[in-house]
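There are two complexes below, and they share subunit A, which is joined by subunit B in the first and by subunit C in the second.
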Partner chain A sequence: MKIIKNYLPLAMVMVMGLLMLGSYYVPHKLSVDYVEQMNKWENIVFAFAFLLGLLSLFVSHYGKIRRRQDGWGYSIFVFVGFLIMVVPSLISGGKQMVDGQVTGLGWSFRYVYNALSATMFAVLAFYIVSTAYRSFRIKSAQAFVLFVAAFILILGKVPLGQMAWESVLGWTGYGIDRVIEWIMSVPAVAGKRGIMIGIAIGAIVTSLKIIFGIERQYMGKD
Partner chain B sequence: MAKTKTLAVLIAFFLAAGAASAAPKAGKTASVPAIAGFTADDMPYDAGNALLLRWPDGQYAADTVYRVFLSTAEAGGWVQADEFKAADRSAKAIPLPFWAWEPLPGELAVKLEIGALVGELKSGSDVKVKVAAFEKDKLIAESLAVTAQIRGNWFRLDRLNNLILLTVVVIAFFWAVSHAKRKGLFIRRIAGLDAIDEAIGRSTEMGKPIYYVPGIGQMSTISTIASTFILGEVAKKVASYDSQIKVPHYDPVVMTVAKEVVKQSYLEAGRPDSYREDLNFFVSHDQFSYAASVDGMISREKPAAIFFMGYFMAESLLLAEVGSTTGAIQIAGTDVEHQLPFFFTACDYTLIGEELYAAGAYLSKEPMLVSALKVQDLGKLVVMVSVAIGGLLVAVGAKLQWDNLVQVIMTLFKAY
Partner chain C sequence: MKENLLKFLKIDRRWIFLALAMILFVPIIKPIGLPNKTISKDVQNAFNYLDKVPAGSFVLFSLDYDPSTRPELHPQAVAALRYAFKKNLRVGIVTYIAGSTGLIQQLIEKVPAEAGKVNGTDYVVYPYMANAVAAMTQMASDFYGIYDKDIDGRDARSLPVMKGVRNYKDIPLIVNITGTSILDFWVAYVGDKYNVPVVGGVTAISQPGYGPYLQTGQLKGLIGGMKGAAEFESLVKEPGKGTSGIDALNLAHLMVLLLILTSNIILLVVRYL
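Let's look at the complex of A and B:
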């Protein structure tokens, strides 16, 4: 029993992981086919897991409605929304357009789904403003550097800022475009690359921990 | 009738003439000079879908146009595979490092991808190929047709630098892991992770739930894997404090794994009775639907602490900003570097990139896991030393015009 529960999954993870790692160095068609096959398997597993997810969603919201939990009214919209998309999809055979005419599914996509998605994305603009306001409160030396860099970038993007820069600092010979270019291509890139190098090394070590069974929390410990 | 016949003959004549100008036949080489030294071989270190064509450069003017034709037994007939000016290609353009392939001086070399032209060929298939030179659309020279055998290779020698680096990392990894058994290792403080206890304690005192948001990554994403490790440790603390955790999911596979992890954590904390199946729940597999739904839950329930750990894109700010307005302690961590600024500004603590990977080990304090962090440090040390020495050598080489040295160093650190 211990072999099936502990050693077999670990062995499978190790073999699959090493094969996947090896495929990076083996260009042969067998290796390419293996990677493609694994991707197909992943999609199949995902399809079945999606059913589980759907079940979890329905059970969770049905429970809220049944128990009249706070905000249970919102849970009704989960089922309403599901039906709004699924029923037209079944009627129109999954097609959004038939003979140049928009089907019920197409209508739902255009006027319900897309509209709602665009609304959510648009909200981001307001959040960026409020976040920028918060980050511009100078509480430390680092925050001051961030403020100065951001202020110069904002200044350079508007004609009024460019004019102000020219009239005040034009005598230095450094146009605001050059300053912005330097900020974006030197300190910003240096910081970004530092983070990316750390991420890459961390990802390699995390992968090794999983492949060689050092990290096995996903399996449980008993 | 005679008129129709004449018309058919004329059409046939023009078709034949057109075909002849588009793909000169091998047998026609007697009328035009031959391109000497033309060879075709299997492209080394590939899956078996490209050829390497080579011939001496400088035989014709720089604006001479070369057309490459190929023929296979399956396709039959000649197909034009490539067209380029002599000046546009050189042997140096072949994407192979110096240890894998050395271009000869005065040689023109072309990598010819044939997969898209003739479909997938079996390893060992013969491909006939020839090259013709044109000046202002006039055929001026043509090579003899040569036969090359394509085959899939078993090793990417061009990735040898990568393999050596990986080998070093693996050796260091095993050394660090075995070293862990003998004595403990120092690990620097990570403020964001130290704040986890504070966040969970606060939620327990306030009697409010903790939200753990694992982002929109799939289970194959490294940051999502790291997130499940952190979730395990957070859930263990939540269970021991007898607090409440909620984990909304974007990906059903991640949800399945997270369920196991949380269940195990409750068991380890000695609170299996407190575990409920609905602690992990699926929300939506659509980015903005997920963000909207989680935002709604956060706004209504006003949790005491929110963790954003994993892979995030545009929804990072949508989630963190809403969480910030509710007054929750927010701890975020992601390896998507362009989302980090949003977390910095909207969250109380942010784990930057590699700290996310280190978090599981940091929280669990298991010697083997903690020691693996030393490999990350060693890797960073190697990178720092390489950047310093490499940068210095390239600068000196460029100043003294030692082009070969510069080329060697640049190639050593290039990904193929």
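Let's look at the complex of A and C:
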């Protein structure tokens, strides 16, 4: 039993992991075919993951409605939203336009999903502006550096700011675009590169731990 | 006086919402037409790469944005696509974001018709694929292994637009416009590995994150946010939504600056006077 529950999954992960890792560096046909096959498998697994995610979402929200939990009314909209998109999609065979005519799915996308999604994102702008006023306070030397960098970047992002910079600081010979370019290509890139290298090393270490069976959380508890 | 200033510091945020709404409302209803004076190096590079692709070549557009980032990214896609058609390039459109499919539909309803381009002959749209990395890797050996049919169900191999296209070796440029991290995948799994030039279009908020890729030349050019869209539109001489959106962007940015300055001046006054 232990072989099936423990050793077999570990061996599978190790073999598949090493083969995938090796295939990245081996341009042989066998290696390419193997990657292609794995990609197809991955897509199939992806489809099942979608289904599983959807079922999990439904069960969770159905539970909220059944128990009349706080905010249960919002959960109804999960099902309403799902039906608004899926029913027209099934009827129109997934097509948004047929012979120049917008189908039910096309209509739902344009006038429901489009509007809702754009509204959600647009509302963020209001919160960002309000938060900038309330939170962007210079209370330390670090906050001052952040303030100066943010101020220059925001100013340089818009033509009106560029014009303001030129009229006040044009005599220095440093255009705001040059200052922004320096901020973006020296301190910003240095910080970002450090983060990227850190993430990459972390990902490599985690992958190797999984491949060699040191990290086994994916196998469950028992 | 200090009390009054402190009250102003704790102003009800609904007043700020109202002020922003009014500031955005005016230029949207009646554009002021503020000039866009500079062209950034990254946008210029993006344009140059698209510009130097020989006529008749096949360029792959990966349009991966949904309605939430539409105001910034759709104008970029429209401008880039218009220029590709103007240059008589063959265009393939793919997406790895389900929410993009409707926006791509809106794009192809309008842009190809303006240039007199024919679906299947001058351009082709492929269906949504869930797993971006798997699809990108697959296309390296055989494009049709993952995209055997276009969005209308036609055999991709038989389409005139795909003539001579088998894998990345036959694609001189990839343009990825996205509000996600898919551009990172294009750079890492395709640009670097198969030496295909990749040009990106991203939201203003994610633009600074691509600095390292631009500096090393892994990313050939980058259009950032609505300003980037306006700059690209001015390069291709096709003013669109990017250019007209600049007014609202201008005023909203200046409002943010004024609010930050005001709150800090008040803080200084309260603390030291």
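To be clear about the criterion, the second predicted complex is superposed on the first by the 188 of 222 C-alpha atoms of A that agree within 3 Å, B and C clash if a C-alpha of one lies under 4 Å from a C-alpha of the other, contacts with A are read in each partner's own complex, and residues count from 1 in each chain.
Note that contacts are C-beta pairs under 8 Å (C-beta built on N, C-alpha and C of every residue); 3 or more make two chains touch, one makes a residue touch a chain.
Note that the structure is a prediction, hence the values are computed from the model and not measured.
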One more residue to check, A:159. First (subunit B), second (subunit C), both or neither? second
Classify the contacts of A:130 with the two partner chains as first (subunit B alone), second (subunit C alone), both, or neither. both
For A:121, decide between first (touching subunit B), second (touching subunit C), both and neither. both
Contacts of A:171 with subunit B and subunit C, given as first, second, both or neither: neither
One more residue to check, A:218. First (subunit B), second (subunit C), both or neither? first
Examine A:192 and indicate which partner it touches, taking first as subunit B and second as subunit C; both and neither are also allowed. both
Common interface positions of subunit A, toward subunit B and toward subunit C: 32, 42, 46, 50, 117, 120-121, 128, 130, 132, 134, 192, 196
Complex contacts: residues of subunit A adjacent to subunit B: 24-32, 42, 45-46, 49-54, 56-57, 59-60, 63, 70-71, 74, 116-117, 120-121, 123-124, 127-128, 130-132, 134-135, 192, 195-199, 201-210, 212, 214-215, 217-222
Sort out for me which residues of subunit B touch subunit A in the complex. 45-48, 123, 152-156, 159, 162-163, 166, 169-170, 173, 177, 218, 220, 222, 225-226, 228-229, 232, 249, 251-253, 255-257, 260-261, 263-264, 267-268, 278, 280-286, 288-289, 291-292, 296, 300, 314, 317-318, 321, 324, 335, 337, 340, 342, 344-346, 352-354, 356-358, 360, 364, 368-369, 372-373, 375-376, 379-380, 383
Given the complex with subunit A, which residues does subunit C contribute to the contact? 11, 13, 16-17, 20-21, 34-38, 40-41, 66-71, 99, 101-102, 105-106, 109, 129-131, 134-135, 137-138, 140-142, 145-146, 204, 208-209, 211-212, 215, 225, 227, 246, 249-257, 259-260, 262-264, 267
Interface with subunit C, subunit A side, in the complex: residues 32, 35-36, 38-40, 42-43, 46-47, 50, 96-97, 106, 109-110, 113-115, 117-118, 120-121, 125-126, 128-130, 132-134, 136-138, 147, 150-151, 154-155, 157-163, 175, 177, 181, 184-185, 188-189, 192-193, 196
